[in-house]
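Next, two complexes with chain A in common: one pairs it with chain B, the other with chain C.
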Partner chain A sequence: MQRANNRAWLAVAPVVLVVAFTAIAPLMTVVNYSVQDIFDVHTRLFVGLDWYRETLRDPRFLEALARQLGFSALVLALEIPLGIWIARCMPLQGRMTVAFLIVLAVPLLIPWNVVGVIWQIFARPDIGLLGAAVTALGVSYNYTSSALDAWITLALMDMWHWTSLVALLCFAGLAAIPPAYYQAAELDGASRWQVFRHVELPHLKSVLTIAVLLRLMDSLMIYTEPFVLTGGGPGASTTFLSQYLTSMAVGQFDLGPAAAFSVLYFLLILLLCWLFYTSVMKRGDEAA
Partner chain B sequence: MLYIRALDLGGPHAFSHHFAEGAITVVLGRNNAGKTRLARAVAGLDPSRPGTVFINGADVSTLSARRRRVGLVYQAFVNYPNWSVFDNIASPMKAAGRGRDRDADEMARTVEALADRLQIGDLLDRLPEALSGGQQQRVAIARALAQQGDVLVMDEPLVNLDYKLREELSLQLREIVQSDGLTVLYLTSDPKDAFTLGDEVLLLQDRTKLQSGTPLAVYNAPVSAAAADLMSDPGVNRLGEQILVRPEHLRLAPSADGDAVFEAEVNSVETSGAETFLHCRVGGADWVARLPGMADVQAGARARLYVAEDDLIRFD
Partner chain C sequence: MAWMAWTWQTALFFGAVGLGLAVMTLAEIRWPTQSRRGFLPMATTRGDRFFISLLGSAFIHIAWLAATDLPVALASLLSLGYAALVMSKG
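Now for the complex of A and B:
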């Protein structure tokens, strides 16, 4: 037995090496930076946890964090129900299904900065289709000057970009439900809502877990689209964690604080995803 | 009572049949024979299919699946995945609005009685996914019985179970469904089920009714070669178009009174100890002889097969 185990280590060694070079070593470098004050390559000062303390007391960090959590909660609350709804409206087979699938896949294939550019133009109040139409209706709308408008535009853009992913995952989940379940529910005289609640939703549990996890992680890391669309403004109203971090590390070259920020950011995403995943799994275990 | 008149199953002739009341009718047919279409039509899941279904003398063709109260058990183990066994069994009664206050006690008693009858009384607070396949199917059967209607349709309910469980449940099934005086349709492709479960058997082929009657009557007097073949496992042996020989009627030894004799070339010998199957060629056709015990025949040898003249099935 012992020999077999050792051989297994040999088999996974290449993966361990690759992961070590691409993930663990860079991450450890960041951790190393985060406990030092770096003046230049040769002049460093060990400062312990000072940068962490400073970051956690930084009002701009806390504001960006609040915005970030708000944005993630908002897009999850919009995209998950909408995605399920779209998937339920799709025909399960036939030519129309293929058409739906292609249309849904399109937003996912567009590079993220292009999505930002598309929406930047689309939402412009002077020449953009959406912006001009809304303005023509007499609604005052300008995402470059109003924080609310900027948020609405960002949320719409994110929905446009990512609801497809949820819909496609849910569609796959729905397509896997044997028709006998629907018939059994029909015999029981279940209403449309009851069929959804007691037949479809339980079968969608695992794909929804994946969908929520992916959207949660991705929305917490959102950078490109708001960077292109609003550049974090107006003011700092759409400056999320990644944007603030970038301005700190690349703009001001504060490597120490930025490294501490990065570690906190990483731990935050890890923590939220872990909390979500374990709570889902725990509920599953309790139910079983 | 269940009566079906002029139901269009998609075959050359419309389907009509009086099902024996309070009895188990085994509907025997191969894949695509129209069994599942029949089941769906009885349950009311295909409201657009032409034909009339009467339950207890009333035309239910226009009633929704829910109001017909036909219990349906599937090949797959269909239960609500996030409900306990208790809630699953109670689901038809809850849907009918009987889960409230005054009726709740009665409902609980009904559920417990059904669970006991299916020997799942100690699993009531489990979820279906925590049960074995056999237990899940027992829950599904209890759910179907909880419809408390007069008709129960079982669409190959034991196919997905492993051999031992299938035998066990198949032996209990008669007792389980019969105590309610239910009219049961048991859909299957296995002729053995007709004998173990059926009060009556109904043969379906190409979406058309071939024959019906008690299993023995259908076995002894098939109306056609196809009917004889359906009630036989392995299938019947053919001697031209008019004469059939059942595998179990063939012998290696002659009897005192006149036998028909066939020269056979043995291709392979398959034995289980208790019986032996000889796969052979007789007059250009593939035959199977089903012999009791071990037979002293080798593959590649020639053998003489005897059959009593009376056992030959002739069609004119």
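Now for the complex of A and C:
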């Protein structure tokens, strides 16, 4: 039997070192902070798991968590089908394809805080194009005073910013499907829905997995856009985990509780991503 | 290392995780893992089961801290049992 040569692992060593320096050591430091009351670098008091207990029983944390999960579910439910639909509407070849790709790529190039500013102005009921148009139609709309309006605006903003990522990934997946599959489906007299369900969707599985994972992780970490657009308001209706964490860590300089919060936040994202990835891979194994 | 604000408790924790990873690496070299089906709903390797044990143990502690004021050591014992179950039968 031929023995495996493990020397190739040495090639990975530099990456391991970089990751250890930039990710593992800082994460360990956060864990160290999370079990202490930090007064300054040299003055700290071990408190065990008290910050975790306090955070897990903090109603503001639980409310922010519920909002966070709700927001992630909402944007995924909107952006994934819309991204697939846009990708299916795009021509696979020709000059128009390039034009579509450029238009779709533009929102992805805009920095997050600029997106927030654009939508802050765009959605204003007095001077913003969207806000003024909706108000002119007789609809009572003000994202600064109504929680529902703030959520609708946030969801629209997120869709505007990120649906094109899903569309571009799906387009890449669709462009990779060999024409023979479509020809076979046409010979079999398959409907448009059957082509999508039995030809396109299975081929999109890998890119959709990446798209959902990226959007899930990103929506769970959203900070800049709602911070600029609503500042977490009205009240705390759009205060998500990251904003609450920032107010603890930077606003109040409560490093111990903020570190415990960070560890819980990290574990939540890790769990959700792992559950999603595992369930998708499991379905793939069963289908194979 | 002072900037990392070490305590002996967290050093012990990370030492245990590091030791676990080292043992897993050695075990992998000595007895390469095979993917298998246990009571978990998908086929897993030894590394998968170790990860599931660690993640599950973290959430057992989180649930414990959120729900009760009983000593956390009981959650740790429960986690050890859970990890042993996942590693052997998962």
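Simple rule for what comes next: the second predicted complex is superposed on the first by the 278 of 288 C-alpha atoms of A that agree within 3 Å, B and C clash if a C-alpha of one lies under 4 Å from a C-alpha of the other, contacts with A are read in each partner's own complex, and residues count from 1 in each chain.
Following the convention adopted for this analysis, a residue touches a chain if its C-beta (ideal position, glycine included) is under 8 Å from a C-beta of that chain, and two chains touch if they have at least 3 such contacts.
Source: prediction; values computed, not measured.
*Asks:* Give one word, clash or fit, describing how chain B and chain C relate on chain A after superposing.
*Replies:* On the shared chain A, the partners fit.
*Asks:* In the superposed arrangement, does chain B or chain C reach more residues of chain A?
*Replies:* Counted on chain A, the partner with more touching residues turns out to be C.
*Asks:* Touch check for A:203: first (chain B), second (chain C), both, or neither?
*Replies:* first
*Asks:* On the A-aligned overlay, A:180 touches which partner chain: chain B = first, chain C = second, or both, or neither?
*Replies:* In the superposed model, A:180 contacts chain B only, not chain C.
*Asks:* Where does A:188 make contact in the superposed view: on chain B (first), on chain C (second), on both, or on neither?
*Replies:* Touch status of A:188: first partner only.
*Asks:* Could you grab the smallest C-alpha gap between chain B and chain C in the overlay, to the nearest Å?
*Replies:* Superposition on chain A places chain B and chain C at a least C-alpha distance of 17 Å.
*Asks:* Would you mind writing out the residues of chain B in touch with chain A in their complex?
*Replies:* 40, 43, 45, 64-67, 70-72, 74-76, 78, 80-83, 91-92, 95-96, 127, 129-130, 143, 147
*Asks:* Quick check on the complex: what are the chain A residues that touch chain B?
*Replies:* Touch list, chain A to chain B: 178, 180-181, 183-184, 186-190, 198-199, 201-203, 287-288.
*Asks:* For the complex, which residues does chain C have touching chain A?
*Replies:* Listed in rising order, the residues are 2-7, 9-10, 13-14, 29, 41-43, 51, 55, 58-59, 61-62, 65-66, 72.
*Asks:* Looking at the complex, which residues from chain A come into contact with chain C?
*Replies:* These residues of chain A touch chain C: 6, 25, 28-29, 31-33, 35-36, 38, 41-42, 44, 46, 48-49, 52-53, 56-57, 264, 267, 270-271, 274, 278, 281-282, 285.
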